[in-house]
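Structures for review follow.
Common to both upcoming complexes is chain A, partnered first by chain B, then by chain C.
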Partner chain A sequence: MIEILVGLAAMSGLTAVLAALLEAADFWFLDYGEVVVSINEGEKEITAKGGGKLLDLLADNGIFIPSACGGRGSCGLCKVRVLSGGGMVLPTETPYLSPEEAKDNTRLSCQVKARNDLAIRIPSEYFNIKRFKARVESLANLTETNREVRMKLLDPTEMNFKPGQYVQLLVPPYKGSPESVSRAYSIASGPEDKSSVSLVITRVPQGLATTWVHDILAEGDEIELSGPYGKFHLRDTDAEMIMVATGSGLAPILSILLQMALAKSHRKATLYFGTKTTGDLFYTDQLKELEGRLPGFRFVPVLSNVPEGETWDGETGMVTDPIKRKLEKEGGEGKEAYLCGNPFMINAAVKMFMEYGISEDKIFYDKFG
Partner chain B sequence: MENPVLSAQMIFFAAVFTNNILLANFLGMCSFLAISRDLKSSIGLGMAVTFVMTVTTAINFVVYYYILVPLNLIHFRFIVFIIVIAAFVQLVEMIIERYSPLLYMVLGVFLPLITVNCAILGVSLFMIIREYSFIQCVAFGTGGGVGWTLAIVAMGGIREKLKKAPVPRGLEGPGITLVVAGLMSLAFMAFSGMIQMQ
Partner chain C sequence: MTRFPLFQSPALDAAELAMRPTADFRHGYLGNDPRKLVEILQADLARVKALGLTHEDLAGRLARITVEATSTGMGNAVVVDGAWEVSVTAARGVLPCPFGHPGVFPKTEVRARNLKTGKEIIWTDLSVHMIHAHGFYQGQGSPYRLDPGELAVFLGLAPG
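What follows is the complex of A and B.
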C-alpha cells in the first residue's frame, strides 16, 4: 500500500515540478509585451500583445489574410510582405515561396511570429475583408450533389465583393469533426444585392465541410464567414469572353454574368458548362434568362455522358471539344478566357487556349481541388 | 560476467563509430528518414539531437539515481524519462525562441520532432542497463548525438546527390532512402566487435 502511495506521490511531484517549470518559463520567456504592426507605410497601425502568429494578430484586429488551412502552414495562401522585424525565412515557408517572392520579403503570415515591431505590406483589398455573421435563408438542392446555400448577412449587413470572388465558410465542430474548419466557396449571387450571398456546395464523400452543409445545416441557422477573397473577377475590356465551368465552378461565372447584365453589357461571351449528364446541369433557367438580357451572351451546356434512350441535341464530349472547334475557326487572338472548376479541366483548357494564341495574361481562372 | 570498464573517451568514440545508435541499434529512424532531404536541415536536426541528448542523459542520470532508485521506483523509468525529455525540449524551445532568432531558425522547427525521437530515450535507457557513471553517461550522450548527426549528415549528402541520379520509378523517395540506410548500416557493421559495449 505504502509503495503505491510513494509511487503516485513521486510521479505526481515530478510532473508537477516540470509543469511548474514550464509555466514559469512561459511567463518569463514568452512575454513579449506590446508590439506595433505598421501596415502599408502607416496606413494602419495595430498595437497588440506580441508572441503569437502574425496571421492571428491581424485577424484579431479585423484584417483577414486569405488562408485555407487555418494557419498550419500547409496551403501557402497567407502571403504578406514583411518589410522589417520578421526575422529570417523559416524552413517551413520556403516550399511556398518563389525566388522572386523570397527576394521581396514575402512571408507566410502564419509562420511569422510577432515578437517585435513589424512593418508589413498587404494588398489594399485585404482591408475590405471582414468577418460576417449570417443567417441561412434557404437551402436548395440544385442537383443530386450540389446544394445552394443562400445567406442573409447580419453583422456587418453588406459585403462589397467583386463577382468571381470567394468567401471562407467557418464550419463549427460537429459530431465526427471535433475541430472547426474553414473552407473556401465562390459567391454565386450577383452584385445587385449586397446584403445576401449564395454559394454552391458540392458534396464530397467524407468532406468535413460539405457533409456539414448537406446533412446538418438547416434553414434559420446562424453561421460565420469571412471574405471577400480572390483575384478572379471580370476584367474591364471589350474583348470577347470564353467562359468555361465544370460542376460548382459555375457559381463565380454566374455571378460575373449577373454583373454584366446589371451593367447592360454588350460584350460577346460564350459560356461552356461541362457536366456528366442532364441531371447534373443547374441554374439552366437563370442562364437562359441571361441569354435574353445579354445580347452578346450564349450558353452552351456540354454533356460528357448521355445515357441511352435520352434525347439531347446539345454538345457532347469534353467541355473543351466545342471550344477547340470554335478556336480552330476563329483563332484565339483578342479573346479573354475565364475558367472555374476542377484542376484537370483547367490545366487542359489553359494549355489549349495558349496553343490557340490567347496569351497567359488574358486567361483567368479559379482552380479548386 | 564482468563488464570491461571503458573510459569516457572510449565510450564517446564507440558511440560515434562502432556502436552508432542509428546504424547499429536502428533507433531514431523516423526523423532520420524524414528530415534528411538536404544537408542543411540534416545538420540542423543533428545539432539539436546532439544537444538534447547530452543534456537529457545527464538529467535522467540524476533523476534515476537520486529519485527513482532511493524510492524504489525504477519501474517508472520509461515514463519518467519521456516526461523529462519532453519538458526539457519544450523549455529549450521557449528559451531559444526568445533569445536567439538565429538559433531558432536553425534548430527551432526541429525541436518538437526531437520529443519523439526514440534514439534519445534509447540512450537514457542504455546508460542504465550498462551501469555507466555520470561522466560516462555524458560521454555516451554526446557520442550518441554526434554519431546520430554523422549518420544523418551522411544521408543528407547522399540524398542530395540522389536527386540527380536516375532512380528507378518504383524506388523513388522513401524506397531508395531505406536501401541507402541499409547500405550505410552494412558499412558501419565493419566496425562492430571492435569495442565490446555489452
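What follows is the complex of A and C.
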C-alpha cells in the first residue's frame, strides 16, 4: 500500500511539473507571431507578441483592466467584451458571467489567450488608467491603525481622477511576502492638486500590503501605482446627500467634499462618520473646516463605544442609528446616499436606505469593496 | 476536490506551493509545519472522524456564529447564543482560496471568546470555506490554525 501511495505521489509531482513546463513552453516555444488587438472598433490598435494572457498584453501596452487576483481567474473583475478571436469560453470563466454577459461575449481577460488577432470592447474610461512612479512625500499615523501616505507623482506627473476613485498600489516583494501584490486604495486628497495623491491605509492582520505600508515604507521611497479606477464619484445633481463612512472609508468621501468646496457647492450634505472611540476619529479639524466652507454641509461623528469616564456629547451607537432617526422624520425620497467603509456597514446601510425609499440607483458605493 | 485525499495530487502540489511560497509567508496556511499538505489533511480528517463529527459540522457552526455576529454587531462585539463573545472586523477587498478554484472571500477577521472557558480563537471567512470545502484546518504555526479537537470543544460540539 505504502509503495503504491509513494508511487502515486511521485507521479503526481511529476505531472504538476510537466503541466507547468507545458504552460511555459506554450508561451516561449510555440510561436504565435504578432497579433493585432483592435479596441473599440479601431479606436486603438495594439500589435504585440501573441501567446500570453490578454490581460497582460493590454497592461504591457498601457491599458490597465481592473483586477483583484493578479490574473488567477478568481476575482471576476477583469471583464472585457471579446467580439472576435477569443476562442471558447473556459469553464473557469462561466461562474463569473451572467447570462447577459455570456450572450454579449463578455470574457475574463486573464483567461483569454491572445493567440490570434482579436477585436475587443472596453469602457472608454479604461484609457485614462495609467501606471505611475511616485515618491512618498510624507507618512502620518492618523490613529493607531490608520496611516496617511502622501505621494508626489513623478512619471507621469499628473493624475486625472474623479474624487471618489481609487488607485492600485504595487507592493514589492519583502520578507514574508515573496511576490509583488497590488491592492486598491481610495484617493483621500482633493482634485485641486493633480500632482500629489494621498491615501489612508488601515492595518489588516497578516495583511501583505498593509504590513508593508505600516512597517516598511519610508518617506522618500519610490513606489508604483496605477489608476484611477472605479465608478464611485459625485453625481451632478442637487439632491440632498447622506454620506456614511467608517474607518479608512472616510478617504474618498473627504476627496468628494474637497471637490464640492472647490466648486463652492451649496448642496445639502451630511456626513456620518462611525468609529469605535474618539481615538479612532481622524481628519476632524479638516471636516470642521469644511463645515465653514460648505454652507450645506454638516459633520456628524458617531461613536459605538464611549469608554467609561470619557465625556462625549455627540451621537453614539451604530453609525446607521442617527441616519435612521433622520429618515424616520423626513423619508428618503429625493436623497442620494454615498457610502464607503466596512462591508457590514454597507450592507446594513443599503438595506436601510432602500426601506426608507431611496432607490438603488441613488445609493453609491464601490461594489467589491 | 481534496476533502478526503489519498495521495498528494498535482492539485495539492499546486495548492501547497501557493500556501508556502516561502517559509515565512505572512498568510501562514502551512505555518512551519514540515508535513506535506496531504498528511495534514489526512491527520485532521482522522481527528474529526474520531470525534464523531464532519468538516461540515465544524464549518457550519463557525459560519453561523460569523453570520450572527456580523448581522447584529456590524463590527462591534456581540454575544452569540449566550456562549461566545464575538467581534468581526473586515477590510474592504477580497482574496482567493489557495486551493485555486473560482471564488474570492472577504478579508474578515472573527475573534470569538468562549464565555465559559475564556478561551479565544480567531478565524476568517476563508478559514470557514477551507474547512468546509477542503477539510483544511491549516498547518502548525499558522496564525489561523484551528486544531479540530480544540475547535470542537470551543464550539460545544465535543465535551471539554
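Note that the second predicted complex is superposed on the first by the 337 of 369 C-alpha atoms of A that agree within 3 Å, B and C clash if a C-alpha of one lies under 4 Å from a C-alpha of the other, contacts with A are read in each partner's own complex, and residues count from 1 in each chain.
The definition used in the following text is that contacts are C-beta pairs under 8 Å (C-beta built on N, C-alpha and C of every residue); 3 or more make two chains touch, one makes a residue touch a chain.
Source: prediction; values computed, not measured.
Contacts of A:Leu154 after superposition on the shared chain: neither chain B nor chain C is touched. Touch criterion met: A:Thr92 reaches chain B and chain C at once. Here chain B and chain C are compared by how many residues of chain A each touches, and C touches more. In the superposition on chain A, A:Leu208 makes contact with chain C only, while chain B stays out of contact range.
After overlaying the two complexes on the shared chain, residue contacts for A:Leu262 are found with neither chain B nor chain C.
Of the two partner chains, neither chain B nor chain C is touched by A:Ala140.
Residue contacts after overlaying the shared chain place A:Gly176 against chain C, while chain B stays out of touching range. Within chain A, the residues touching chain B in one complex and chain C in the other are 15, 19, 92. Of all the residues in chain A, the ones that touch chain C in their complex are 5, 8-9, 12-13, 15-16, 19, 68-69, 72-76, 92, 95-96, 175-179, 183-184, 202, 204-208, 210-211, 246, 249, 276, 304-305, 318-320, 341-345, 348, 366, 368-369. Residue ranges of chain A in contact with chain B, taken from their complex: 3, 6-7, 10-11, 14-15, 18-19, 21-22, 25-26, 29-30, 87-88, 90-92, 113, 115. Remark: chain C residues 6-10, 12-14, 21-22, 24-28, 36, 38, 70-71, 73-76, 88-94, 96-97, 100-104, 106-107, 109, 122, 143-144 touch chain A in the complex. Only residues 41, 44, 63, 67-68, 71-73, 76, 79-80, 83-84, 87, 90-91, 94-95, 97-99, 101-102, 105, 108-109 of chain B touch chain A when the two sit together in their complex.
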